[in-house]
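Naming follows writing order (A, B, C and D), and every chain is counted from residue 1.
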């Protein structure tokens, strides 16, 4: 722990924010309150947590702001539990040092501060990086966030950044914010479940919190909580299958991707007159943007350009903008290794039907998608959850849970081919041939 | 009923939208599906139901789209109940004719189609009228909505409009969409409760539906459902007190109002160069807008201008824009008839402190607010709820319910004075005098 | 506070009971755990909380055990809130002394320990008194409860008893267990709502807890929580109207009452042979029972006798027993002051139809019923809720809440006449005349 | 279908029962209403659904009555869905014939009518069989149930019985009541989850109902509902792991079993004087009981005998009765194949400590327990769930779901050894040796 005295003004009486998931968010420190009131944090109100998912689940219109305060609240509850049940009494006893609370809570609150509008697609097209931007926002002396953090101590912004970057020395603090069962994932599963109106993401938060305990190398769970942890893992799995990887949201993501790609190309080809240029996107088209340029962006700005582009003379740009705003998703089918070879022919038929295949077809994997959290292909990650027995010995979750083992280290997503809905409705040989390759939502093996 | 054969293609198999409030929205007719897919209806996804309320209750980020499909679903359930339990068997028997279903469902779905961004404030500043605009959207042959409705019959758009305008001859259909206990209010109470995370708006929808019955003059409730109706009335009252009239949301509404007012003034004084003009707002500044101009507007457009205005050279415009986007609400206190006389002095002190009182102070009543639904001052409205006894005789709710009587025909809101938070923090005699007029959240009587 | 050192072993790690209302009941002290494990407390598992209400709301089968641990849990949460936010720093500062925690928690847990089966009716017939019996159970050295309490200190049982009897000197402790908004009422409203499946009893427990604060004369609420308190009062009112005073439950209570009355009479007239005597009820028939006799009783014992009595040669006893067990409630109608005079004629007609009017008719008020908590006729009680303003001054709730005022100090129940269902079905002049007196669920005024 | 005209009086207006799980139970036919009002059905109010489970989860006090009406309600909803979406139009088209509704609903309502108190244990000790008794209750002309069913047609009781016995010719009706995903299991998972307060058993009932469809050989699910079915299977699995197989409930079951065993032995050894004989159990001790004897039994009767036996001179009977009523469960540890050999030594140590090992020790498997539904060892059962693709072809669930495959056909329960808690607390070499065999909740391998 830092020997420098850190400054944390406790509020004389705690304040609350009403929250649908946690009932209340309890604010007990002036620093946290001030961070919430910065303009960089308030900007998260204007960026939706789930991007295009509300086109599938219309309730999913919640912002990154609501998620961020939720992550803070879960981290706060973990700190309370640890401080009450597992307080450290001597150095290196593997228990919880409550002087870590403030850095943990700030990291929890600010872990998504670097996200921009439609983050996944935007990053892909414009090579921005929300993790690097998070660090910048924390460390740049120009931001209000940095000014608040520096009130604690000069090195405090860097400490908070290092927690988010997973380089902070105390593994308990790091794992509270990022690990298989961290405050971030727990909040988004509960919150996305609530707002989509699906129940797949619900799990027993209170029981998980009861079973959590600090140890030398981070955070573990008492073995009697095995089924609660299992339930969490299954819930997460189901949310990915049912919500995050939903074909319609992925289709809208495809349209968005192609729309921004087209805009970038038009910019590069000097399509627009000076007074019709999308001013706030220019630094990104040009590949040279400042932190300030980035902090001005939000969903509103992008959607406003999409509205303007609906009337653009470029037929591809305007058509894609309209499909996006008026929710006209592409259709999609699954394909397997052995039917991949049909894809060029399908693209060619889309082309024959009058659609530029670059913009009107796409393939993607369900794992190649907006949720950085969960990568089913990486065995070692799921293996990280440790259970502790009465005598203090540890055991890996997947070695004792058949359910978890079943979904560990295996690819359970799907690969899909996207194309305009018109291909399913059109008349004539091109369309008929196209449809002859499809069956039961899959590309058929043409040899059959 | 019209003798013209109306066209309603039933879907071979019903489709569903997942919804957090009703679990599923059941779509059984092609017309309804096509209406949802129009661009005018999809636009409602980009207009928040509660405007500035999410600055108080951060979960309240849901759109008018989710509410509109919810109203449709409740109307559908009412039709189902009526068709099963109270089917008409002869003209004028006061029971339900299920041929009215389609017009009722279309009116339910489209009743809010004319709303724009931040409706209440926008209408106030620009003299738009969402009810007139709703009629225009239904009746103009240029809209996709009109094109879908005309598929039913040439007069169908007008029929739907007349339901919304309350001139349709069948009072059961009219009251299903607009009355004290209609599909509209029932959905928004449940939905706003859910998304804000308060529970005040919950009531027993299923029991209300069971107790509803058609009669000659509209819709009534069996007397044994009196307590369920009472519970609904109390829930509505509590939502107004706790959510819709919340001082912080009203304060953000004040800032928004003054921000648009300032922008309008700047336009009139030719403040902006040609290339910096807020193009999409010009028709509204000029007082001459087309339906197409209106349909382009949404929350995104307005918020984008607010972002741009944060850097405007006009200090009032930029300051108000920043207060709005970064959520810096004005503070407020209540006042009573006898303390009203202090207001000029308070405004003068705000002025002395360096704030233009026109833009930095305001007064408003809680009933002078964005919810057209509920006007506590109008006794005759609450009186409209009729209960039916076993022998068919009717009784007015407020004559049998002491609770309802207690809140009928009385003004239960408050009147507030708004001012910059700086007035509570500043040092010096101006600020001290200002604060000497306040006590316990009220303006003090200066004579005491 | 007692200067005697009191003994409270804190558990090294808290234990939990899973609970549907509070998610978990947290047990942190060995004394509480030991009290739950006494046989007197376990006996509460065999006594239903709502007696005959499950004949109306079939889910309402929960026991006094679940309610008692729930009251404990709410009291525990109040202590936590008070200890964190309002800790005493000097004598008589009106704040919370956490050394009161154990006596408060024990009183919360044990407040219903003296209840027997079908308490209200049983007490009425046999002149038992659950409050006196509660004190006996706490104070008698023969009970396990007393043995556990004495471990704290010799006077501790008496201290706990005095809290329940409202003679304990600290009014904060007394009001936590019994006042208008106490742990007892808050738990039963939430719990009875949950198990009946009605929602009328739900209110915002967390917000109420946040608004509660200790003061010199007991417990008050911050004025900003006025609407939350109002919501609680309305919920309580609605539960009484909708659940606790439900005519069918009251009818089953009438049958039970008459059944026990008949059994008592048969005992007094030596109806039963020695080997068919209801052994466990004899001390109560004879009016001479010991604490041990009382503690053996539970719902099972009474219901077993009712099953045996179904085959008793006495036709009234066996018929009433069958009506009770097989759920054949009497029917009922309301009457008013001016139609009271018809009652003798109705009873006479029931008699003519072949039913002994003593056992087959009854009248009761909805307030003359099993819930000691709420007496709408007593104005001074509702007046007890005090709200505290920012400057520490107090205001009575009913002076600021129109809703609360509307239901304070007024009789809102109904008076009903009960009779066999057969009277509504039979043929012939007796039955026809009987029915001619009824209309819309009320006794008609015969002069009309 | 029978050509005999069957009689089903539809109620002019549907009646409802308030239910916490389904909100309302809708009664639309006079036959169903009359069945609910029979004394045999009302008796289910006095038999708890989960027997000893409330000793672990105190909320689980609900009766078989509430479950039975819930199963009826789900079956009713399935019939509605089938009738609306998949009505038969010609013989053998594999679609739903709504003339099957009444027999399906009666079977759903009555499927558990033959259950007695603490069914699993009681059956084991007294060789009763609730399935045979169900058939008797339906077919015996002495029961009220039979009298109601015969109103439909003389063969109707036999038809209902054959559905429950799975010999009814229409597989859709049979599978609606008993299959992997039937109305019975769906209700008990949701209901037991609700009353225990765990969430493991929740699944998306509405979505399951939407995905269900009749086909020639029974009931299948559309393939797009795969994840919803998966979620149901996982929920069921988790309820078994977490609730139904909970060690404390199993321990209470062990005590109950030994208590009844002891009573039977005492009867056989003429332990009791004539006037102290447990009259209502005698037919069962003697192995000769009538249907009437059986129908008199319920939880109340058994618990009353247990109360009486607490004072019995036989020390084993009285001690076990007290442990059962006062909730003093045995403790337990798991054992594996290789540590099984230690059991005799452990039993011997329990004996040395003064406990008769026949009554004070036991072993059991988690699958050897009160829930007939789920037998993890039987692969073919889980294989029965079929999914239907768009082209009508079928696929087995476990071949497409990795999660389901992971828990199919594998033994996932545990084997436990039960012993008195005193063994963990006692002092001296016997107790120390006993405890030396235990570690981390398991029997240790003594060679280690």
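Here is the rule we go by: a contact is a pair of C-beta atoms (placed from the backbone, for glycine too) under 8 Å apart; a residue touches a chain by one contact, two chains touch by 3 or more.
Composition by chain, UniProt nomenclature: A, B, C, D = Hydrolase.
Values in this document were obtained by computation on a predicted structure and should not be read as measured data.
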*More contacting C-beta pairs: B-D or A-D?*
A-D
*Please work out the Cα centroid separation of chain A (Hydrolase) and chain B (Hydrolase), and write it as a whole number of Å.*
32
*CA centre of chain B (Hydrolase) versus CA centre of chain D (Hydrolase): separation in Å?*
50
*Which whole number of Å gives the spacing of the CA centres of chain A (Hydrolase) and chain D (Hydrolase)?*
43
*Please list all residues of chain B (Hydrolase) that touch 2 or more other chains.*
23, 198
*What topology does the chain touch graph have (line, ring, star, complete, other)?*
complete
*Tell me, which parts of chain D (Hydrolase) touch chain A (Hydrolase) in their complex?*
198-200, 202-204, 223, 227, 230-231, 234, 237-238, 241-242, 389-391, 393, 402-403, 405-407, 410, 412, 439-441
*Once bound in the complex, which stretches of chain C (Hydrolase) touch chain D (Hydrolase)?*
17-21, 23, 37, 39, 42-43, 45-46, 54, 57-59, 61-63, 65-66, 69, 194-198, 275, 296, 298-301, 303-304, 307, 322, 325-328
*Write out the stretch or stretches of chain B (Hydrolase) touching chain D (Hydrolase) in their complex.*
13-14, 16, 23-24, 85, 206, 210
